[in-house]
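After this come two complexes, each holding chain A, first together with chain B and then together with chain C.
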Partner chain A sequence: MELFKALNLFNQGKYEDCATICTNLLKKNPLNQVQTVWVLKMRALTLQIYVDDIEGEEEGIAESLLDNYTISSMPRPGTSLKNPGTSFTGQYLRPKTQSGRPLTGVVRPATQSAMSQSIEQTLKTPRTAMTARPITASSSRSVRLGTASMLTEPGGPFIQLSRLNISKYASQPCIAKPLFEYIYYHEHDVRYALDLAVQATQVCQYKDWWWKVQLGKCYYSLGLIRDAEQQFKSALKDSKTIEVILRLIRVYVRLDQPLTALETCKKGLEYFSNDVNILTEMGRIFDSLNNMSMSLKYYKIIAQEDASHTEAIASIGIHHFYNDQPELALRYYRRLLQMGVYNAELFNNLGLCCFYAQQYDHVISCFERAISLSTDETMADIWYNVSHIALTVGDITMAEECLKLAIVSDNRYALAYNNLGVIQIRNGNITAARTYFHAAANIANFLYEPHFNSAYLAYKVGDLQTSYIAVQKSLSTYPNHADSKTLLNKLERYFTYM
Partner chain B sequence: MAAFSLNIQKHIESGLVTSGKFDGSHACLVAATYGGNILVHSPHRQPQITSHDHEQSDRKLSWSGELAELHIGTEITALCTGRLNDDERDILLIGTASHVLAYNIEDNSDSFYKEMSDGARYIMIGKLSWLPNQVAIIGGNSSVTILDSQGAEIFWTVVGGTVTSLAIFDFDGDDENELITGTKESEIKVYKKDNLLWETKETASINTLTGLPNRRFVYSVGNGTLGVYEMAQRLWRVKSKHRVVVTRSFDLNGDGTPEVITGWNNGKVDARSFNNGEVIFKIQLSAGIAGIVEADYRRIGKSDLIVVSSAGEVRGYSSSSTMDTPEPGEIMRDLLAKKQVLQMELRQRGASVPNMYHGTKLAVSLMTSNGAARVALASGPGLFIHCAIVFTEGVFEGETLVVHPNRPRGELEIELRPPKNAPVDMYVKVCVGPAGADLLQVFEMTRQLPRFCMYQIIERPEQITEDFTKNSVTAEFTERLQRIALWLNQNLVLPEEFEIKENKPNNEGIEIWLRGMRDNKIHCFMANSTGKITIQTEDIIFAGDIVQSLSLYLGLRELSSEVSFPAEEKKMLDALERVKELKEIDIRLQAEAANDTALLKNLIIRLEDARILENIDDMRKRLVQLKNVNADLIREHEIRMKSYKELTANLKQLNLGVQHAARLRVGKSASNTVAQCRAAIQDENSKALVLAIRHG
Partner chain C sequence: MHGLRADHNIGGLGTSRWLEALWEPAARLYTLPNALDMLDVSGDGDARLVCADLGTLNVNSPKIRVYKGGDQITEHNMVDPPCGVVGFYTENGEPQSSVLAVGVGSSVYIFKNMRPYFKYCLPHIDVHPKEREIWHKVGLDEELNVLTLADELDLLLKELGAGFISPRTLKFLSMDPNLRVSFAEQYKRIPLIKSNALTAISVIRRDSWNDPASSCLVLGTEFGEVLILDPRTFSVMDKHLLQWPPVAFACTGLWTGDGRILIVGRDGKIGVIKRGSPVKLWEKLPSPAVAVSPLNNEGIAVTIMDGTLIGFSSKGIKLWHVRVPGAILDSVSLPVPQIGLSLLAVSTAGYGIRVYDGKHHVDTLKIMEPVSAMKYGRMGQEERTMAMVTVGGGLSVKILKRTADFSIHNAISNLPLNDGSKFLVPKKTRLFVEQTIRERSEAKKIHSTFQQGLLRLRLMVAKKVVETLNDSQGAGPHPLTMEATVLGLGPNYQIRILLTNISDELSDTDLYIVCRTENTNVKPRVMDVPLLPSGIPIPIVLNAILKGRISGRVEILLCKKSKTKPVAVTAVVLPAAEEDIET
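What follows is the complex of A and B.
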């Protein structure tokens, strides 16, 4: 009866209650008589923290900084994700977020990392209050997604991994699989999970594709990307599943081979035609390659397949917004609103769209709602945008106030410092302006604006050497910036006179 | 003169240089440098600019063109470029100790990444006659694997020893390509499909092989020998104290026939005519040669010869570059030789020849006794042997032996110990004359040592251990005993000719007992009247040699046999078991290493964090932790290397075992054995392996 109740609770998704009943049952009987209960408890505990680890994937600081799976150091334009300088084929430079991530429709997995050159920068940029990046991927998952493991259980952990007879359980397929998921998702001990998977796959003579996928997952989280690739490929040969295709795509993205990843996508689409998940990956990859038109094409296909796909709609919206079609963008954002998305970011975007589409009556109310909904993370962004509107309507004082508010909510908001600097130049406070630009450049040297501004300022006051250094920094972050180029030409002419 | 020259200013690994057209039209140079990096030099591209990071490296390069680097991460053992499918762009194949990576440079994408348990020592792309498409041929530790454009294995076979070189060319003149392999164990073999067309043994490990037109190929070996074979006959060979790094055929003087271009490890490059090996051109570079490739580097429509030295110097020579030959020409040399001969003759005429030399004789006999094959020389009446010069390949160290008795003797015995069972040509020069003479007569003669001259015929031993009789190979040759007897006479040194009486009605067959003089083991060769042959021996290699030699002599294309070598089987099963174990251990060690690496990364980030925050105490704590993890990692790495070494040794032993089993059969049966053994090893199925060895 107890067991039946537990099963029932399990089916209802009340995993915690189910686990309690199982614990009681296990206390009463020795383990080998009630293996069923044991497995049930394992399942219940696993499902409590069962996460979508494909969408929830994140690259740690250590991975992005220290790992180098990339083969080519100087790839052709449009063939690499890591070298943004080589792939300027899109419209122009989109603004970047605080952590240096280019702005996209929605926050995507594994794109938190900025492409930074130095260890200082990598460590500094994410150290704002808002973007707590994990140090390594293996630690990230256990801390951020699997909070359950932080709970200490009464009477010690449910399963003592070090005392587990792995080879015994590996030979029992019906126990091995739930046990693996328990170790992998609940205990986050990839090494034991790998050990189990290796033995279990030997038991079934390398014929079960499921084990191959699990092996691949273990290798992937251990950072053995090439081994993971082999396992996924071999699993795909046995059985075509969307999950494995997605994982293989991630492998190639990690290896910085976007074209191979796209090829994998296309092969996957042959079996699962118009599958939204695979199409999303394609859209994302094209987006990261700055190939906006292709990215848009795929997002449009997704929107046709799944009319309520948030990422597709938001991506199309942002594309139109940055392509000077705020009216179109407005329609997509309103669609999101209709779907029930109700948050600060959306109202912020709606406000901006309304402003550019000259529907001024909505602008203020949108931003008011955005501010009322905003959290600490988004507050600064919204104030920054409000300041932008104030600047455009000519209210410099309000703009300055708003920028200061933005800095109050986030004192490392580089763009706000930059704009404050510009306002200070207008007001004639050269020294203050220079300080602001330097502050902005120090916080985020992936932005070209502060560099250019300080170069321009230095040029105006006649400090050619400083100007030269700053303009070169600006050009290294944005090689095609026309104004910087002009300034550099002027400076070089001066230097040749001397 | 060099058409162009430039300097990469990086160390280039010798032998790992190739060129390809990665975008389909422009030739690029690819070379491996230290630490698993590959340089790709594209002369048609302007260097990508121009951030600060690149500026310094750009300033070093005084020439146009773009130098890109590929990071492979592990030591590169082979490089090759070519096309595997219809795409007109070349792909780059990179071989490491455990994998082969097919990489598309232009797209920055993999074509395939394939695990090669035998490693990839040499990679070649080409078209073989029996396969419809271009394939990649990979030579590893004692195996050759052929992959298709998807990286799927389509052919696998064993060769005895580590493959050091491969070539694809038309060996037998049927306008279709055969595969030729050279190994560290100094064997050259030519394969057509599953059949071994021809094999030979050289004197040291094979360095390079290059196919030439007209069924010729050029080879070079580790002791500095370079030579050319036509079909199966050697045209010429030269020897040097330096080592050949690379050979290539290229028409350097523009006369329409290619020359043999050789790069040496002392920095010399020479071009030789392939008819006689005469040097027609040579240059000297300051560092050893790393590679020589042929590519249209200046985009002039025809190929240049590009020489790359290990110090990164690149020189290009166009195909019709006129050159000043430092050597005297052929006619000059001919004349000099003639002059010398004439001068000799003049001197000889001047001296009077004592007539005692008329009718002198030299008796030569070959025998096997006292642990070696012996050549006995005895000179004619009243004359003594002053000196004997014996020249054979691979028998003595340095190929030549001069026997110079203290005092001239009438008889002389020379000991020969050929290390391998192969027929060896022996050239003997004997100087004969009366005691105290200063003018000697020279006898020259050529003899061939029989293949099995190191085996002595003995009586049937009194005691035969039971274990001995268990080891046997039985095969149906279905041949008359007379022919087998002929073979025996040809391949053994027998005290007297072995004969089978034709008219004897019920002869019971041949039974011969042999003693190997290298290891004193006893072997037995039996043949009955129906042509069924049984070889009882503990030495599976010897059995294989006999089967191969006999079937070659009898012209057999197909031969299957029943084999029983319990000791050999046990060895292979043990190796298989070990391989299984070691693979499991390796996976575990790998996971552990990955785990530790993650920990290490974590610590480094925390350390850097502490450094930026100027938190010295924390830094110290992290550094101590780092030190501990580092020590762990080093220890684990050592364990892993040891287990990896054992794994490769065991794999090699397995492969050798497969080869020995295959050598006991001929033709289809042999290739079947290889295929079945391979399948059994891959499935780790010991029963199937034993069956494959026993029954083929």
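What follows is the complex of A and C.
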């Protein structure tokens, strides 16, 4: 009766109650008689904290800096995510996030990671952002899951992993699988999980694709990417599932082989035509390769398949916004609002779209709502945007105040420093302007604006050498910047003048 | 063929027009433009590569090196760094060994069969009469008055400028006054001379188009003269006064006939001389010239240091100019009479050697390193060879294929000039049009709503500013900026604060920094700020240690001793540390 109740609770999704009943049952009877209860408790505990770990992936500092799977350190433009290249630059240049990636439609895993090449830049930029980036990919999950298991088990752990006879359980397929999930998700001990998976897959003579996927997962979280790739490929031969395809794509993205990843996506689409998850991956990869038109194409397919896909709608919206069609972007953001998204970012974007689409009557109310909804993270962005409105209206004092507020909420807001510098030039404070430009350039050396501004300022003051150095930095971050090129030409004329 | 191996496998790719003959990266050859030539020094009909090696910085011994294929056969030490090497024949139509002329310092060394044969010294320049007068007077006097001499020479120096004073005077004036007496005693009776220096050397055919034919040496001097020497007697045939020092020549035609010598000066002047007529100045280049080369249609191509290639007609009219990527290191003309072309090879830093047909870029040679000097001509038995010396001291030899065709590219490069580039401008959507209709009909309402909202927003911003920024920040007498960065992996972090005084004066003295912490130990918590100079960021470093396993937050307050409110506030977040990093 008790067992039936526990099963019923399990089916209803009340895992906590189910686990309590199982604990009681296990106390009364020795383990080998009530193996069913044992397994049920394992399932209940696992499902309590089951996470969709395909998405929860953030490349940590250690991975991006120390691991070197990349085949070529100087890849050809367009074949690597680290060097997306200028082959596909659209007609516009998107602003960059704090870590230097171009802005994407939604904040998703891996949009935070920096493209930086130097160690100092890697350590500096993302970790001082409001959300700190983890050092290694595995730690962010393990900390969370570890605390979960500690809270649920006040009387010591449910299973002592060190005392577990792994080879015994590996030979019993109906126990091995729940046990694996328990070890992997609940205990988060990848080494034991891997041990179990290796023995279990030997028992079933390498025929069960499920074990291959689990092996791949273990290898992936241990950082053995190439082994993981092998396992996933072998699993795909046995059985085609979306999960494995997605995991294989992740492997290629991690290996910095976007073209192979896209190839995998296309093969996956042959079996699962128009699958939203695979299409999303394609959209993201094209996005990070700076190929906006292809990215847009796939996001549009996604929006047709799933009309309430937030990421797709937001990405299409941002594309239209930066493509000088704010009125279209406004449509998409309004759709998001209708879907029930209600946060500061959305109102901020709505306000900007209204402003640039000349729908002035809604601008201010949108920003007011954004300010009232904003958190510490978004505050700086909103003040920065408000400063743009103040500038356009012609109220320089207000713009300056807004920029200062942006810096107060985030003292590493490089663009705000840059714009403050420009305002200071207008006011005639050359020293202040120069300091602001230098501060902006120090914080974010991937932005070309501060470099160009300080070059221009130095040129006007007559400090040609400084100007030359700064303009070269500007051109190295944005090689096609016309104003920088013009300035460089002027400087070269000075230097070659006889 | 001697020594030259045409390796078809390496360079013989279908698209390349060049055969790789030799690549010797460790030749340790350091040469500048004009210091390479190919000539038959032994008289066996086999042209050798002769180059003037300047040596490395620490081993400062210039040498003349002779190469046969890739192997060096002889080496001759030089006293001073050569300004150029040229080869020529002294007789018409007699197949004998050619003569090598090396311009060094103020003389030209002539080698025959690679043995020293003759040394031609440039005539001395006339010393200014006043200076001669002064030294002459000193020589006559029994009593030497050093002070008067020094005063007189100093006056003269101020009057004429250092360029017109003899080295003896300059040396005298730069000496310690105590040593001047002995110096003047030693030299006062020796006649005062001022020696000339050679700046450029070249050859021009004398009177015959046959091969081999005798050629005249063309010498340019620092004093601004061009001397034409007779090939047999090495006496001056003609002398032209330019007033500006020439640095490069391009010679066409026969000197006794209608031959012309194009001259480029160090100051960018460009002009032409003919026998018996004075120099005709064409124009002044915008920056110094790198090299000048003749083209087949009597035209001239000049590469200059601002990265442009300029074509002149035979009359001195500027025909075209092309921008070349990268800095230009050398240029040389590649006459290909078989296909009626005269190409120009331009060596660039970082972009290989670019070959131009007129203003059209037709080919690019990829070399491992930038090429500092090159020469095209006959080497060994091969007519169309190009020898290149790289910046890193390597020697590369390539042979232009007989089948090389430069006409295809020519047609293509003409095309993109014609069509104008198209801009991708997104079309205005129907939505936009509808919105403009709404705007027009409700203009008044929209405007008033916006203005009301703007007033509200202004008020809000002003309130926030008063709340968060106080009067001393920004608007105060000595505004400061403060930016904080967190470094480290944790749990021990370093907080680096950059303080900058953005006013034009010194900052206040009694400033200090206080940290308000959550979950963190900061050391030191209070720190005095030094006097801040204007515009220079001053770094201050604090150490922070997380107390627990969750992330911490540090508020950094910049305060003034007499004030209760802080001058500036900034907050940093210390990320949660790793549980443990296994080592």
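Keep this in mind: the second predicted complex is superposed on the first by the 482 of 498 C-alpha atoms of A that agree within 3 Å, B and C clash if a C-alpha of one lies under 4 Å from a C-alpha of the other, contacts with A are read in each partner's own complex, and residues count from 1 in each chain.
Note that in this section a contact is a pair of C-beta atoms (placed from the backbone, for glycine too) under 8 Å apart; a residue touches a chain by one contact, two chains touch by 3 or more.
Since we're looking at a predicted model, the values are computed, not measured.
> What does the overlay on chain A give for chain B and chain C, a clash or a fit?
clash
> Which partner chains sit in contact with A:D52 here, chain B, chain C, both or neither? Use first/second/both/neither.
neither
> Of the partners chain B and chain C, which touch A:Q358 in the superposed model: first, second, both, neither?
A:Q358 contacts chain C only, not chain B.
> Under the stated touch criterion, which partner chain does A:V408 make contact with: chain B (first), chain C (second), both, or neither?
second
> After lining up the shared chain so the two structures overlap, which partner does A:E270 touch, if you call chain B first and chain C second: first, second, both or neither?
A:E270 contacts neither chain B nor chain C.
> Once the shared chain is lined up, is A:T435 touching chain B (first), chain C (second), both, or neither of them?
second
> If we overlay the two complexes on their shared chain A, which of chain B and chain C does A:R226 touch? Say first, second, both or neither.
First partner only, chain B.
> Determine, for the stretches 19-27, 55-63, 253-261 or 667-675 of chain B, which one clashes with chain C when the structures are superposed.
Residues of chain B that clash with chain C lie in 55-63.
> List the residues of chain A that touch chain B in one complex and chain C in the other.
61, 120, 123-124, 135-136, 139
> Which of the residues in chain B come into contact with chain A in the complex?
Listed in rising order, the residues of chain B that touch chain A are 48, 50-53, 66, 68-73, 99, 103, 105-110, 113, 115, 584, 587-588, 590-592, 594-595, 597-598, 601-602, 604-606, 608-609, 612.
> Across the complex, what residues on chain A touch chain C?
61, 91, 120, 123-124, 127-128, 130, 132-136, 139, 142-143, 146, 323-325, 327-328, 331, 357-361, 363-365, 367-368, 371, 386, 389-390, 393, 395, 398, 400-402, 404-405, 408, 411-412, 429, 431-432, 434-436, 438-439, 442-443, 492-493, 496-498
> Mind listing the chain A positions that touch chain B in their complex?
Interface residues on the chain A side: 61-63, 65-68, 70-76, 79-80, 85-86, 117, 119-120, 123-124, 135-136, 138-139, 190-191, 194-195, 198, 218, 222-224, 226-227, 229-230, 252, 255-260, 263, 472, 475-476, 479.
> Within the complex, which stretch of chain C touches chain A?
267-268, 286-288, 305-306, 423-426, 429, 431-432, 435-436, 439, 445-447, 449-450, 452-454, 456-458, 460-462, 464-465, 468-469, 473-474, 479, 481-490, 498, 500, 502-504, 534-535, 537, 549, 551, 569-576, 578-579, 581
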